[in-house]
Amino acid sequence: MNWHNSAITVTTLLPILGALVIICVPKDKDRLIRGLGIFFTAAALVLAIAIAVGFDYGTGDFQFVLNVKWIETIGANYHVGIDGISMPLYVLTFLLSFLCAIYTWRYVPDPGRTKAFLALMLLLETGMAGTFIAFDLILFFVFWEMVLVPMYFLIAIWGSANREYASIKFFLYTLFGSVFMLLGFLALYFSGPTDALGHHTFDMLRLTEFGAGGGFSRTFQLVVFGGIALGLAVKVPMWPFHTWLPDAHTEAPTIGSVLLAGIMLKMGTYGFIRIAIPMLPEGAHAYAPWIGGLAVIGIVYASLACLAQKDLKRLIAFSSVGHMGFVMLGIATLTPIGIQAAIFGMVAHGVITGMLFFCVGSIYDRYHTREIAVIGGGMAQEMPKLAGVFAFVAIASLGLPGLAGFWGEVMSLLSSFNPAPGLNVGLFRAYMVAGGVGTVLTAGYFLWMLQRVNMGTLPERWSGKGFRDIIAVEWLAWLPLLALTLVLGLFPRLVFGITDNAVGALTSLIGR
Amino acid sequence: MDIDYRALLPELILSGTVILVLVVDVFLSARRKWLAMPLAMVGVVAALVALLSLVGGPTRTAFGGSFVVDRFTLLFQGFFLVAAIVVLAISLRYFREGGFYQGEYYFLLLTAFLGCVMMPGSRDLLLLFVSLELVSAPGFLMAAFRKGDIRSNEAGLKFFLIGVLSTAVMLYGMSLIYGVTGATRLDAIAVGLSRVVGTSRETLALAAILFVVVGFAFKVSAFPFQFWAPDTYEGSPVPVAAFLAVASSAAGFAGLLQLMFIAFIGQHEFWVPIFVLLSLATMTLGNLVALQQTQIVRLLAYSGIAQSGYILMTFALVTDDAATNHAAFSAAVAYILIYGVMNVGAFAAVVAVSRRASSLRISDFAGLVKVAPLIAVGMATFMISLAGVPPTGGFWGKLLIFRAAIDRGGPLGVWLAVIMLANSVVSISYYFAVPRQMFLKPAEDETPLAAPVLVSAVVAVATVAIVMIFILPGAFARLADLSSLVGG
Amino acid sequence: MSGQEYAFIVLAVVGSVAAIAVVTARNVVHAALYLVVTLLSVGGVYLLVGAEFLGWVQILIYVGAIVILFLFGLMLTKAPIGRDVLDNHQRWLAALVGALVFAGLVFLVQDAFPLQDAVATESFQGTTGLIGDAIFRRYVLPFEAISFLLLAALIGAIVLARKDEST
Amino acid sequence: MIRLPLILFFSALLFSAGVYGVLARRNAIMVLMAIELMLNAVNVNLIGFSAQLKDVNGQIFALFVIAVAAAEVGIGLAIVILLFRNRESINIDEVNLLKW
Amino acid sequence: MAGSVNVFVRYAWLIPLLPIASACLTLFFGKRTPGRGAVYGIAALATTMLMSLGVLWHFVQGNGVYAPAGLEWFTIGPLRLELGMYVDGLTAAMLVVVTTISLMVHIYSLGYMHGDARFTWFYFVLSMFTAAMLTVVIANNLIELLIGWEVMGVCSYLLIGHWYEEKQNSNAAIKAFITTRIGDIPFMFGIIMLIAATGFTTTNIVGVGEAIKEPAISALFVSMAAILLFGGTIGKSAQFPLHVWLPDAMAGPTPVSALIHAATMVAAGVYLVGRLFEVFLHAEPWVLTTVSIIAAITTLGAALLAIVQDDIKRVLAYSTLSQLSYMVAGLSMGEEGMTAGFFHLFTHAFFKALLFLGAGAVIHAVHSNDMSDMGGLRKQMPITFWTMIIGSLALAGIFPLAGFWSKDELLVVAQETGHTWLFVVFLVTAAITAFYTMRMVMLTFFGDYRGHGHPHEAPSTMTGPLIFLALCTVGVGFLGAPQLGSVFGDWVFFEQPHAGTFVAWIALLSTVVAVGGLAVGYRLYQRRAERDPMESALGPMWNVLQHRYYIDAFYMRAIIYPTRDTLSAAVYWTNQHVLDAAVNGAAALARGLSHVIMWFDRTIIDGFVNGLGETAGSTGGLLKKVQSGNVQWYAAGLFVGVIALAIAFIRIA
């Protein structure tokens, strides 16, 4: 075991260790617990960065690989590794978790219980990070499911009024999805390649080679891709499987929303890029038009729904649906540009929407309401900094060039102008146009939101409430995200530079 | 004649303990009666040690092959002995405070476990029948052990009547099989049945098989022989319910496995459809009815029925292909063991809570996390595991059966797998009702619940075990793999 | 038709009639007595086919012990008299099921061992020794088990039936 | 000698009678009696076959059945008496506190 | 790349960066610096202005284009993006205009925004705004250009909504952003098409220019791209039908209006066409025709609207619209037109800025935009008056002021290239322009004061820029004077320079027309009438104009409200009541199914339990009958089960 094959395992599992440690701390040592939370997330982040530093960006293949027998009876291995596709998301996971931990230093949602809260959060962190580095279907699925339970509790315990419904819905819905996904995995397993002894394998790389090499029959691909895609689509969420998202977001505590929007949704899209498409290229080609279609429907639909929202948080939740629509559109084009656009979109959305949820959380913390009408504007007068940050992020989110939100959108539109050979060009150009319309609507609802929250004058009922403007802890938790929003916008290379080779390798596999 | 006492050592030690408990109890003063439990515990542990000494040894047969000690036997015997330890552990306080006849109870419990331990080794109709009775009869009595409580009497009565009836049917079947094949040893029966094939007696033989299955179907509470289970579980003392749910049903499966895979394997074309029907009906009914339960024990009872349905599914997978059967068999074994762990854990948790509320409704678990965090977390784990959701062992259990089903191939396999999945999804909604209560609902009285230390220990261990199984399923699967009675 | 067979038929008929009487009698004590008759006839059948040991066990244990046990129970629970009190509402269902079972079994048996071409075999004498022998060799394990079973039944029955102040 | 089918018919009748009794009687003790009938039917089968096969195992089996039957009766009666003591009646169909 | 490259050109890329730097300084340290941070912006702009002049000097010397290879920005698949600059005469001219005007505005704002609550913030955005425009001007590739383009949009949004306490201001801001954004979408598609034309290899303007010449690229493809690109112009330069945002943009502080209308936003649209002129020329002719038609519509329509405005800034706003269309129309006339068009942009920038700042001074004095609150100000504020006069005459196109020369150029080109109908349109518009300019001047400075308080001359920080711009207005015209060899034409041209020609009769004609317009204006507004004389003159037309041809109303009623309120509500309703309902339904299905099963069982069990006897009063719980609690029913179930199984399977076997 040297650094190179243990790094990922250590980094990924560190949070769980943290969770265990925290559990052992008596619950009255509140400060200590929060400190530990920050410590462990920070440590994990440092390790992750170390990995990123040690990563060789020159190539598109997997690094820090560790592959050992795990469950021999079913031929599942503990196979982890990282490449340009995983890297951004992997690091983002630890970054966001760390920031959430910092945020928790100040804000623990009712009903307190910091200990359990942080423990669950750490568990969640491992689950999410693991999903991005697992290269064995079973391992992937295990991490995937591992995310479910803590998030369920985060929503169900620390959520707001309607939390129970939301949590159950979230849980059952995503579980429903993953059942189909599991079916798909097993199908891959059983009709996938076998070794000399005739054992099947869950190894994603081997399955990818096999599938990309046309190992699976067309009909098989159609069926199985459908199943897996359904499972992933629920997680993304793609229209019309998105209805769990607004509820989950609205009810979840700030941290929950941040992680949910920031990372969890990406697991679905990542699954498409990593599993569904390379392993089942024909299926991907067959479904791409439909996926693209649903994606653009999602874009327009979500932005329209946003216009109708009265609840700030719900609005942002819906906006997520739209943004993930762009990501899916990029993926659906099956082109290098499209897929990279998708990855960039994921990262950007993670940073920006995460930040938006932070803002909403803080706004709620001041006003104790999320009703736009009740807030009633004038925030810019009362809390110029908070308002400024909010506006900045909102504008970033509507895809202003020069900020992170832009590249994902424009590149996916760009790629959909010329989708992968074999896909209906006219159709995808139509999608492009629809997407464009979506961007206008997006701008519309965000600006309208800003008008109703930031602008105007502070209503009577809030005067003399003495709202604090952004406090130190918030700055600490936010600055990295704000900086990233700008830096990614100005130097997209930070992501594209990482993904280019890996995606190139991937698409060259499936390209025909 | 020479008897391989080494092979019988665990049984002998256990029976010795039984007698010992009975005798010692007589000399114990009322306040000391509880000492019977540690005594029994020691005996069981001793038996376990003896058992372990047999592990890795050669397959031993006694009484002309009617009793066999092979890996299968050892695995299950080990399981039962551990279960015995657990049940004893969770019984102590319950019976000490409930004003029961403790000595007699432990005596009966051990006797029942003696039956369990004999079951997996019995390769003879007569032995199977006797072991089964030995498991059931004390069960009847223990179910009615809360003498003052009419519900308990009722539980005993129902259990007794249905039990005896199914025994009668089973015996009738056995008699017919004996008549048709002229044998009572399982392997001999297999041979005899193969001779019958095609003759005019085949029909009778098949009917006989059906009758025999009934006896065990009752034990594992498969539809339509499941009626007794919920009522009995509810009525009996909780530890007894735990015994019934964990040990007794596992014993039933142990017997069923041997019967089906040794004696009746030749007739699988006949009985596979039956099991298809049984398993589907059982799991579906169990899950759907469980949806409507408000009482925790009944919930567990129906969940148990559903789980039996999953296990029965493995029987429905049998084909001519040895490999498939092997997969099915080991899947069944693995599932039985995993299920045992999580179920016993759940019952332990119930025992812990039952000291707070007499009639255990799910709502009595409200806010448990504040009152008894350990128990709550454990219970949550068990529920998640029963639902088959990662990160718990239950997930593997389901996955193994699922895999076996797919492996079997053909529409049947796939359909079974799909229906099983559908059922699992349905089951989630009632399994999660419990954690929901424990974590999301406020407790009506906040006074911390001091669970008996033994019970807490059991919960803790089971919890860890479930998670460990999830992390290292390999060992478990391997175990099941080795102990298969079907040459893979 | 050998003499034994005539004897058997007589016994069987008596036993059958008595059996039906057991489950239809209006009076529990009568029912118990009918049961005695049935059991005796069954025992007779055992003797006829040459299972003397079983025959005597049947007569002694059942008629001697079990039936007494029943009467005991009847007295303890001062059971009432009359069909309506003795039978429940699903009598018809019960009759139906019973009839079905009988038809089914007869059919199966007839299918497997057709009466017409069944040959009468001479009886199987001198089994008692064999039984004793076997029990203590091959069947020592079940024997041990069964003794535990009886013990458990005894103890448990006492515990349950005992009238105690504690509860 | 006796032809096997006849014996089997006899046992079948006993069994069916038992079934009827079990289902139709509401008095617990009567039900127990009915069960005894069924067990006897089993024994008749066993004896018949054992005679047919010239094999003693059947008889031994029957012996065990008798023993078990005795045990069952004991248990059954104990439960019934317990029940009677608690609710002054041994009518099974009134015993339905536990349901659903 | 003939000739040496002077230092300014080589470091031209600093020109956008300096304002950005100043913006950052303003944002982070502005509050703490004396003068609340205005200095950064002013300093930066002053520097950049000088640099721009330096850059321009490079072309005055007659050197050629300077287009160094940019730095690699990032690579994605085949596509390689650069950060780089492309400096030619057009760029240089634009740089000068932008920096100059912006500097003036910066200085002017010192006075105008004095004491404003968000003074520092204002300067921050102002600098960002300028920087964005400069980026657009200097960018050597489409994406870079697009970035500047959009950032400019956001800044305009922030500036227009600067006084966001007023609902209408924030509305105007949103309107501006969204409307331009609507134009940007086709623009973006156009860019995408051009990038696609290069086979997704580069986004450089040069590269694109070469790519579209490839025979592989069909003329239709290019035409589509061109028309889409023009969408961007329509949005940013507020051409019909997306012109609606510009008048409302007056909601912003006046200096902002000056900046937007003179040098930046609106100019960007025109600049874009010039920058990608290659594309337009390679497109099929109908593209340019469309462009000129749109321009013509806008120019006339806007001019007419200007007549009826009471808000002084709105008058100027509409005049801007029509003047912009002049330029666009000019460009639409092809190579010669390009020079002329940009010359007009150049001159217009100065005098329009002048007019706006002047108007600002007036507003600053009388605290109202409404000309009915003004009048007779020539006494109180002489400097403003005289500078405004110069600006107005320039706008009207009176010799020898800037406006005259550029308009004249356009007319000549129109005549030479045979766009007679445009020629006519130009003339008519010129007349109307002269008229409403005069109207404005009369209402503002003549007659007697109708407002409240005692207006007084603006502070020197405001008058200074006025004077400077006035001088420019007088001066810059001669840059394009054919008699002086129309220097401007040597800087800004497509492919090869076109020396402007002077056609005496056209010059005369235009002057006559202009003077006529002025005269009519003077006559009508000589003495103050209660009702505006035009109201009667125009009759029903008056109302139409008052309602801006009902276009805004139409947009509001037909598009905005339906989308924002009705459609969105409908969608959300669907979400909650169709999609979500489906989900919850599915969730409820399991439970429901259990009920169904139970009902089934109940009927079955009832059927055979009580079928022969009494019919059950089966109304109780669903499970009652299955799990009836009666052990004998269980027993029955047991036997029935066995029998059923036996019957079912034994025969099969």
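Letters are used for the chains, namely A, B, C, D and E, taken in the order the chains are written, and counting of residues starts over at 1 for each.
The rule is short, and it goes like this: a residue touches a chain if its C-beta (ideal position, glycine included) is under 8 Å from a C-beta of that chain, and two chains touch if they have at least 3 such contacts.
Note that the structure is a prediction, hence the values are computed from the model and not measured.
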| item | value |
| --- | --- |
| Shortest path length from subunit C to subunit E (each step joins two touching chains) | 1 |
| Chains touching both subunit B and subunit C, listed by label | D, E |
| Graph separation of subunit A and subunit D (steps between touching chains) | 2 |
| Chain pair, C-D or A-B, that carries the greater number of C-beta contacts | C-D |
| Most distant chain from subunit E, judged by the mean position of its C-alpha atoms | C |
| Centre-most chain [mean C-alpha coordinates] | A |
| Maximum centroid distance from subunit A, chain identifier (CA atoms) | C |
| Whole-Å separation of chain centres (CA-atom averages), subunit A against subunit E | 34 |
| Subunit A and subunit C, separation of their C-alpha mean positions in angstrom | 72 |
| Where subunit B and subunit E are represented by their mean Cα positions, the distance between them in whole Å | 76 |
| Distance from the mean Cα position of subunit D to that of subunit B, given in whole angstrom | 26 |
| Residues of subunit B engaged with two or more neighbouring chains | 126, 130, 133, 137, 140-141, 144, 147-148, 156-158, 161, 165, 203, 207, 230-231, 292, 425, 429 |
| In subunit D, residues with contacts to at least two other chains | 15, 18-19, 22-23, 26, 28, 31, 48, 50, 52, 57, 60, 64, 68, 71-72, 75, 78-80, 82, 92-93, 95-100 |
| Interface hub residues of subunit E, defined as touching at least two other chains | 587, 623, 627, 629, 631-633, 635-636, 639-640, 646 |
| Full enumeration of touching chain pairs | A-B, A-E, B-C, B-D, B-E, C-D, C-E, D-E |
| Subunit E contact footprint on subunit A (complex, rising order) | 169, 172-173, 176, 240, 242-244, 246, 301, 304-309, 335-337, 340-341, 378, 380-381, 395, 400-402, 406, 410-411, 413-414, 417-418, 432-433, 436-437, 439-441, 443-444, 447-448, 451, 454-457, 491-493, 496-497, 500, 503-504 |
| Of all residues in subunit D, those that touch subunit E in their complex | 19, 22-23, 26, 31, 92-93, 95-100 |
| Touch list for subunit D against partner subunit B, complex | 15, 18, 22, 28, 31, 35, 38-39, 41-42, 45-46, 48-50, 52-53, 55, 57-58, 60-61, 64-65, 68, 71-72, 75-76, 78-80, 82-83, 86-87, 92, 95-100 |
| In the complex, subunit B residues that touch subunit C | 1, 3, 8, 11, 15, 18, 22, 62-64, 66-67, 99, 101, 104, 107-108, 111, 114-115, 118, 126-127, 130-131, 133-134, 137-138, 140-142, 144-148, 156, 180, 200-201, 203-205, 207 |
| Contact footprint of subunit D on subunit B as seen in their complex | 125-126, 129-130, 133, 137, 140-141, 144, 147-148, 150-151, 153-158, 160-161, 164-165, 167-168, 171-172, 174-176, 178-179, 182, 184, 230-231, 234-235, 292, 298 |
